[in-house]
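Two complexes, one shared chain (chain A), two partners (chain B, chain C).
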Partner chain A sequence: MLKRVLAIITILIIGYWLAEGLANVPFGQDKMLVGQYYLNHVKEQTGAVNAVTAVVVNYRGFDTLGEVTVLFIASTGVAALLWRRKRERTAKTPGSVVLTTGSKLLFPFIVLFGMYIFIHGHLTPGGGFPGGATIATAFLLMYLAFIVYEIPHKGFETTEGLAGMSYVLVGLIGLAIGGYFLFDWIWQTWHWGTSNLGRLFSGGFIPVIYTIIGIKVGTELSGIIDNMLKEEVKE
Partner chain B sequence: MAEASRISKFLYTFIVTFIIWLFLTASLDPQELTIGAIFSAIVSALTYDIFTTRGLSNLHPRRIAYAIIYVPYFLWAMIKANLDVAYRVLHPKRPINPGIVECRTVLKNEVGKLALANSITLTPGTITLDVDGDKYFIHWIDVKDSSVEGASENITRPFEKFLKVIFE
Partner chain C sequence: MISSYYFGAIALVLIGLYAVLVKKNLLKILIGLSIMETGVNLLLISIGYVSGRSAPILSEGIGPNQAVDPIPQALVLTAIVIGVATTAMALSVAIILYEKYGTLNIEEIRRLRG
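So, the complex of A and B:
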């Protein structure tokens, strides 16, 4: 009881403190410094109509590379924590015919929609991370509907590694051509798609990188799901 | 039903995913069509085996015609059934007589069974609880006939005459 009261008092003090600090930031006023620069120059500098993905992949590409690394470490960490020599699915109840047939029918559509999200990252909200997560949900659906379903591990782990390497490779090509890592060579050196703003084949290397990230995130999260759903088998 | 060849299955999946792509992008820009064709081909190559067992024979004109007619027929059944449930909710005496009945279906195809189960659930007053072989266990809000034949006549028969052509 005393613990709870103390915790509530502490949280109230912290909340008051934060509210006090935020009270001086007026809502709805133009306070953009760097933001205005992004909004004014995003089209001719990156070719993307979606300013968020331009910032995430182009202006601040390093952060995205970091995020991809974090995800990779997370999936490796889960695999390392749950590693056992012999692990199997232990679910016992098979789904009804309605569930299994429905999942089979939905699976291609979810994957296609995930691909739609990551290829249109420079035009519509979304990008590689939501697209990849959508693809992973398709595999989660298969895992939940079938008691014996397993992703093709070898293919998945190889694809994941290759996608991560391609991201770095795209950055390194930029380093060779433009002088710094993750330089957008497709847009700024080749001027590929410059006449095409707002259509699919534009946006410099954003669609390329988002395709890579989408594949990587999709395979990675599926791998995490696979690891979490398996249990150790007693011999 | 014999399984279709792999090419036929692939082509059928490709056509369906590509149509979905057209609806998603809502544009006929050649760039979108190119990427759509590539992506649909990739998705179909990976999933045709689980997506369909009969391949292109799904696209028989008679089946498509029945499927198109089935949509308004089903929507009409849905509107009628929703009004019926609204009446039961608003009626002061609440004339309900719920119970679980067993129905038999003549459908053999799994996709057909899925479509039937969903049609039954979406028309209020009936909910599919479980499907086991050709037996459907249905929760009915107003049981008029608890025998297997009678319940099938009331619940599954109206949909089956369409679904049998579409999926069998």
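So, the complex of A and C:
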């Protein structure tokens, strides 16, 4: 009881302190400095219509590379922590017929929608990470509906590694052509897609990189799901 | 007077902090951490808001002067993914702790170890 009261008093003090600091930050007013530059120049500099994905992939591409690295390390870490010699699905109750049939029916649609999200990252809201998470949701659905379902491990892990490597490779091609890492060579050097701005075949290397990221995130999250759903089998 | 978005974000952070400080179940602490992270993301997004403007997707009818700040949104995109990664790691640690000690109560785990 005393502990709770003390905790509540402490967090109220912290809350007052945070509110005091935020009281000088006006809500809903234009505070953009760099953001206005991005908004003004995003179309001619990157070819993307969606300013957020242009910032994520183009202007601040290093952040995304680090983010992909963090996710990769997390997936490897989960696999390393939950590694056992003999791990199998131990779920006993099969799902009802409606559940299994419905999941089978929904699976291709969810994967298709996930691919739509990451391919159209430069035009619509979304991008590689939401698209990859959607694809992982499709695999989670299959895992929950069927008691024996398992992703093909060899293929998934190879795809994940290849996707990560091709992201770095795209950046290195930019280093060779334009002089710095993650240079947008498709847009800046080839001028490919300058005439159809706002259509699918524009946006420089944003669709390429987001396809790579989408595949990588999808396989990674599916691998995390797979590792967490398996249990040790008692001999 | 503080804006309701800032107030909500601070409240979420504080609720998460309360769970981390007071709760004894490890899973509840992890839930508290996730709530805290949501609060931080909400705060970042609401700082970038400009009233009356729409999402920073410059399609027909939305020029560079009718969009909100894109930088906090890009930042939050990164923060969400990192939050998911850390939550996945923490959950697997919780699975291992339960397999090893048979409990998720942090005080009992401390006692069993010593």
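As a convention for this text, the second predicted complex is superposed on the first by the 235 of 235 C-alpha atoms of A that agree within 3 Å, B and C clash if a C-alpha of one lies under 4 Å from a C-alpha of the other, contacts with A are read in each partner's own complex, and residues count from 1 in each chain.
As a working rule, contacts are C-beta pairs under 8 Å (C-beta built on N, C-alpha and C of every residue); 3 or more make two chains touch, one makes a residue touch a chain.
Just so we're clear, the structure is a prediction, and the values are computed from it rather than from any experiment.
Peer 1: Tell me the contact category for A:Ile14 with respect to chain B and chain C: first, second, both or neither.
Peer 2: second
Peer 1: See if chain A has more residues touched by chain B or by chain C, and give me that chain.
Peer 2: Counting residues of chain A touched by each partner, the higher count goes to C.
Peer 1: Who does A:Thr101 touch here: chain B (first), chain C (second), both, or neither?
Peer 2: Touch status of A:Thr101: first partner only.
Peer 1: Quick one: is A:Asn50 in contact with chain B, with chain C, with both, or with neither? Answer first, second, both or neither.
Peer 2: second
Peer 1: Have a look at where A:Asp30 lands relative to chain B and chain C in the superposition and call it first, second, both or neither.
Peer 2: second
Peer 1: Going by the contact rule set out at the top, does A:Val148 touch chain B (first), chain C (second), both, or neither?
Peer 2: In the superposition, A:Val148 touches no partner, neither chain B nor chain C.
Peer 1: Have a look at where A:Leu2 lands relative to chain B and chain C in the superposition and call it first, second, both or neither.
Peer 2: Touch status of A:Leu2: no partner.
Peer 1: So in the complex, the part of chain A that touches chain C is made up of which residues?
Peer 2: For this pair, the touching residues of chain A are 3-4, 7-8, 10-12, 14-15, 18-19, 22-23, 25, 27-32, 34-36, 38-40, 42-43, 49-52, 54-56, 60, 63-64, 67, 70-71, 73-75, 77-78, 81-82, 123-125, 127, 129, 198, 217, 221, 224, 227-228, 232.
Peer 1: Which bits of chain B are touching chain A when the two form their complex?
Peer 2: Touching chain A: residues 13, 16-17, 20-21, 24-25, 29, 31-32, 35, 39-40, 42-44, 46-47, 50-51, 110-111, 113-114, 117-118, 128, 130-132 of chain B.
Peer 1: Considering only the defined contacts, which chain A positions touch chain B in the complex?
Peer 2: For chain A paired with chain B, touching residues are 96-98, 100-102, 104-105, 107-109, 111-113, 115-116, 119, 196, 199-201.
Peer 1: In their shared complex, at which residues does chain C touch chain A?
Peer 2: Touching chain A from chain C are residues 2-3, 5-7, 10-11, 13-14, 17-18, 21-22, 43, 46-51, 55-59, 64-65, 67, 69-71, 73-74, 77-78, 80-82, 84-86, 88-89, 91-93, 95-96, 99.
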